[in-house]
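Have a look at these structures, which come just after this line.
You will see chain A twice below: alongside chain B first, and alongside chain C after that.
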Partner chain A sequence: MSKSVSEPASEYRLHPMPFLGGYDQVFSGLSLREAVGLAIVSIALPRGNPAGPALEKAFGTALPEVGKSANAANDKYRLLRLGSEQVFVLFEHATADAESEIAALIGGAAYTTDQTDSWVALSVQGARVRAVLARICPLDLHGGVFAIGNVARTSMEHLGTIILRTDEDQFLLLSASSSAQSFLHALETSIRYTA
Partner chain B sequence: MSQPHRINGGLTDRTQALHFTFNGKAMQGYAGDTLASALLANGQRLVGRSFKYHRPRGIFSAGSEEPNALVELRRDAHCEPNTRATVAELFDGLEARSQNHRGSLEFDLMAATDLLSPFLSAGFYYKTFMWPKAFWEKFYEPIIRASAGLGRLSGQSDPDFYDKGFLHCDLLVIGAGPAGLAAALAAGRSGARVVLADEDFVLGGRLNAETMQIGGQMGSAWAAAAGGELAAMGNVRLMPRTTVYGAYDHGIFGALERRTDHLADTTGAPRQILWRVYARRSILAAGATERPIAFANNDRPGVMLAGAVRTYANRFGVTPGRRVAVFTNNDDGWRTATDLAGKGVEITAIIDTRKIRPLASIPGVVIMTGAHVTGTAGRKGIKAITLNTGQRIPADCLAVSGGWNPNVHLTCHQRGRPVWDNDISAFVPGGDLPPGMTVAGAANGTLTLAAALKEGHATANAALKSLGFTPSRSQAPVAEDEPRTLEAFWHVRAGRGRAWLDFQNDVTVKDVKLAHQEGFRSVEHLKRYTTLGMATDQGRTANIPALAIMAECTGKTIAETGTTIFRPPYTPVPIGALAGRARGKDFRPYRLTPSHKWASENGATFVETGNWLRAQWFARPGEKGWRDSVDREVRMTRASVGICDVTTLGKIDIQGRDAAEFLNRIYANGFAKLAVGKVRYGLMLREDGIAYDDGTTAHLAENHYVMTTTTANAVLVFRRLEFARQCLWPDLDVHLISATDGWAQFAVAGPNARALLAKLVDAPFDISNEAFPFMACASLSVCGGTPARLFRISFSGELAYEIAVPARFGDAMIRALMAAGKEFDAIPYGTEALGVMRIEKGHAAGNELNGQTTALNLGLGRMVSKKKDCIGNVLSERAELNRPDAVRLVGFKPVDRAESLAAGAHFINRGDPADMDHDQGWMSSVAFSPMLGHSIGLGFISRGHERMGEIVRAVDPIRKREVEVEITSPHFFDPEGERLRV
Partner chain C sequence: MIINHPLLGPRDAAEFVYLGDASLIDRPDWQDPLAAEKFHDYLYLRDNPVGNHRELWYHEQGDRSWLVVTRNTLTHEIIKVELATDVARKRGRSR
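What follows is the complex of A and B.
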């Protein structure tokens, strides 16, 4: 068998396609937008080997409690504490090397996995956002219960969802990228039904 | 268009006339009317026919307990049958029709059924239609179904929209009568989050139906003001037209909100919303339901509940009759007489079963105490009543009151049993309530106004305190308690004719006695034998009188007799509301592969695999059927190169210091020594030793693996791994995260697979056989810098790779693969060709890993390592699983190569009868092999590995087929595996 030598392959350069094609719509009292270019890297905290101090140093902020989020000191990264051993880092990052950036930043203190392509991210904002979400989200999103910065895993219309409150009337929703169309449909239907 | 029965007063808006039709006849009502009140205003007493005997029936109540006035609303596909006219809000253009009659409502041909009533008593199904047995399904049942019944479905798909939702509150108040409003006001003023739900479209409950005053104001005016105050509070959600129909675990309630049922045009908005309400505390203030007294021919149109007659007069400004008589066993009934007399309606008689001094004197009214009504006259509407004295009194409406039953239903939804209260002769809530629930007002047996208001207020304050709120300093609204004494009286013994209990299911006093006589004495047996309380009204007006009669028969008290259990829903919930928006394409979410768009553009036919839509084959012009496409895809892949989207396989990212040890315990075969850069096939067992799932796991870097699972089991395996990690071995440092959706993964298979990939892989990565041999894996980049993962694994048996790129590049990647593959005639192949090639190679898949087979059965027995501990290891050694005659996975070829094989066929030795005793195993997968040119199969047969070349019968009794097959190796194509290692 002769040796195959790889040749420059850049003539086939690949261009990314957002899962919902960069969806961006304004409705009465509400806007719904796919958050394109949002990188997601998961951090798993090793057992029996506290990574907290190293991560605090890397991000310039203490790890938030489970169900809370925190911004890094430089405001670039947002840390979502999804479980006792799991943190998601969200940040604007256009290229497909988000994981290596976080891995380098934390210097091996914890395990990292690129999750950018596992999720479709939708930002929903507007005065009637809670009424819209009440049709599909089983969680209590009242401000006194689910404050700005709170984050939770839940399920909406049978789809696993991570919900983050980014402002009084704004939420970021993450759901599986393969079912992005169904997730969008769930939101669009709620918007139509609460119009 | 006149409304002859309309009188002054009431809460309807006389400036807003509404036009509607009943059985095609044009009528008029006002805004604020129900269909029932508008029908009565128009003098329409006859509104329906009974279920079994087709007796003429009229409006009986003014609420959701209505047994008689069931109608069809709207037309065509929008038609909704079995709607209670008493809760249907009138709107302009409403079309209503009566139901369950043949011919017109007035001259129902099926009314002849009533003449057969002596033969149709309780249990007649069981007695009459016993013989011959075969007649039941074909003859008796269709006849019974055609003659008995309710409304008809349109037979069309429901064009309306429905939705669901979730609500959260500190306090849910169920019912907006005096107690509910008092409770909601107290809670709202304290700042708690309150949901106040009521089935009516106007808040106030009986306050709108009575003439009592609160704080010097008319009750209805006070209710309107209270509603206004509550509506202005940001912490209170008012939900009229909303029935809380069920109390479920953990303070969760089901509620049906009717959003557009009262509108002519719904403009695409959801008609109804099914809410799940999460309440920390709840107050049941559902009021009480009046019950009738049974007497002969008490079902005639015009015989109504006394409280309902007051409702029509006071709230709707409608008198149900011109000459009204009252029959009561309690003080409440007298108020019907005084209220109506006050509005100028003629009262002909007041008959009280009690020997009391008359509570009122109205000029010209016959007042009889210690007397009974023994019968009525008038076929399609009452004309007169007869008393036990023989006296006949004219009346076109008889208002009957047998007392009030608290609406305890929701207190019983978690098996709580109500208790009998002798004071009001009714069941009241027992002590065993759903968690967090308290009961106030009439629902709690507190039947008078001032007491109900106080109780609502106090109950709310107690609930608030238990939640840590400081109750507001407001006081309970002030009112006077009305007289309400009662002496239990259930049915009149004298009189000729049937005395009706359950109007909707046509159950009479005699039926209850018959059930007792025949031994059906438990209330649950009584219910099922007579069908009492089993109709859409759930016997709300019928149950207690029937229990009382059963108690009389058995000589027990009602308390000892007990009541049947109440279950959700409190009132009917349409199936459409339960379905919500989950219908058609959106019944379930669907998942698309990264190459879906490209595949749709290129002629793919899709198949559902779990929630995924996968390309099944790619038809080309000229191909006459799927087999043409699939055969071509297999041949072209094996001849040159084929590409298949395999993204749907589960991918689990596994990291941690103990990841290798974890895998070693999860898989039956060894994983401890898998080198970085290598992939291994792994088999998982269930705890009981049965094969669970299989796939490959790649060792990407130190402490970092990626596991693939079958498409179908991706979620289950992930869940199982999480359970093992968190519960079985919490000491291991191992972490999981799903990466299924994160990577677009393509199988590139065939002799030219390497040549194709070489064009895409970035230098200097070397994919030669020497540098990247079979079962190698690596992280690399492709197409000028896109990060990728490459695995040299093969399901097809060809020289093959799987190449993965971040999912956002999946669409670009399939296009790049096809473009780069053009010079090799590269083709996409679908799941069918994938299946054919794996059968040609003898690889097990879902059909083989079916939850019944072991590693030994699959021919993988030696993979189960005995040198380590792993899930399923121990129990896989059970003797029964290791019998020498255990079935083995082998291949099968038809002796006559022209025959096709069928999965599901069972193997029988030649000469043996085809029965279970001689069953040798079964065919699990079959395909036409384009490479071999005939049908091939995989299957399990006893001692299969020792029987190569033997001929057995593949018997398929269901499809009545039998084919002789030869047992062969399962490796039909390239048995030595030479093609994949080149």
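What follows is the complex of A and C.
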């Protein structure tokens, strides 16, 4: 009888893997890396937004306008206003209980859904970042139109994408985790063709 | 073609899905004595104007809002874009 048969199943340990294995590459004038450990919780606002005051109290900041983002007073949470009734909360969180943290924080004032495993997050930064994104993003990303902190839900290479400008030459891109490799391929191709 | 979204600004038409005539907002009351006749008209009868046409577009690759877009069917010029919820409320609907 071999030793492995006698080992109880509880000996096995499963470790979560990032969708792109923690991708991190530097190109000329550009870096592209997977943002690992980012939790995403969706807040659906009840019609007429009666939850506004409760959310403002919970996060210490007013809800941003549609297309804008805001940091909570404690700088832990970043609120993305994606639509008149939808907000995404992004924050660093290691365990798989992000939704209950936000639900407890806002005291049930709005409807929360855990979106962490649905999205892959890629941070792209560099002097030529706008040229790279111009090939695949239908939005005008000029600083005068799409300022730091602006956020939009659009599609790139036929894949639904959320784009957030985190700095003058830095963007955070969220796309479906199930097509993470295709999304990465679209970005790598664009990086290559604009080099 | 660019649709100037009332909340989000100019967006490419590829982000949207077209549904049809904006008169679809005016769904008949199913308890109306003439409901069968009214639903027939609602489902099957459409104007086919040359010129300005009010139509429903859905921002699927965006904020998932429904819009009423007034578009010239001859030139494709977009004259007006409204949130469908605003249009429906103006017509006395609760949402």
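Some observations on this one:
Criterion: the second predicted complex is superposed on the first by the 180 of 195 C-alpha atoms of A that agree within 3 Å, B and C clash if a C-alpha of one lies under 4 Å from a C-alpha of the other, contacts with A are read in each partner's own complex, and residues count from 1 in each chain.
Everything that follows uses one rule, which is that a contact is a pair of C-beta atoms (placed from the backbone, for glycine too) under 8 Å apart; a residue touches a chain by one contact, two chains touch by 3 or more.
Because the structure is predicted, anything quoted here is derived from the model rather than measured.
By the touch criterion defined above, A:84 lies against chain C but remains apart from chain B after alignment on the C-alpha atoms of chain A.
In the superposed model, A:155 makes contact with chain C only, not with chain B.
Once the two complexes are laid over each other on the shared chain, residue contacts for A:67 go to chain C alone; chain B is not touched.
Shared-chain residue A:17: touches chain B; no touch with chain C.
Touch criterion met: A:183 reaches chain B, while chain C stays clear of it. Of the two partners chain B and chain C, more chain A residues are in touch with B.
By the touch criterion defined above, A:44 reaches chain B but does not reach chain C.
Across the two superposed structures, the residue set of chain A contacted by chain B and also by chain C is 47, 86, 138-140. The touching residues of chain C, counted against chain A in their complex, run 7-12, 14-15, 61-65, 95.
Listed in rising order, the residues of chain A touching chain B in the complex are 1-19, 42, 44, 46-49, 85-86, 96-97, 111, 113-119, 134-140, 142, 145, 157-159, 176-183, 185-186, 189-190, 192-193, 195.
Against chain A, in their complex, chain B makes its touches with residues 161, 163-168, 193, 268-270, 273, 276, 278, 581-582, 586, 588-593, 611-612, 647, 653, 655-657, 703-704, 731-733, 735, 737-743, 754-755, 758-771, 782-787, 805-813, 816, 819-820, 982. Against chain C, in their complex, chain A makes its touches with residues 47, 66-67, 82-84, 86, 138-140, 152-155, 160.
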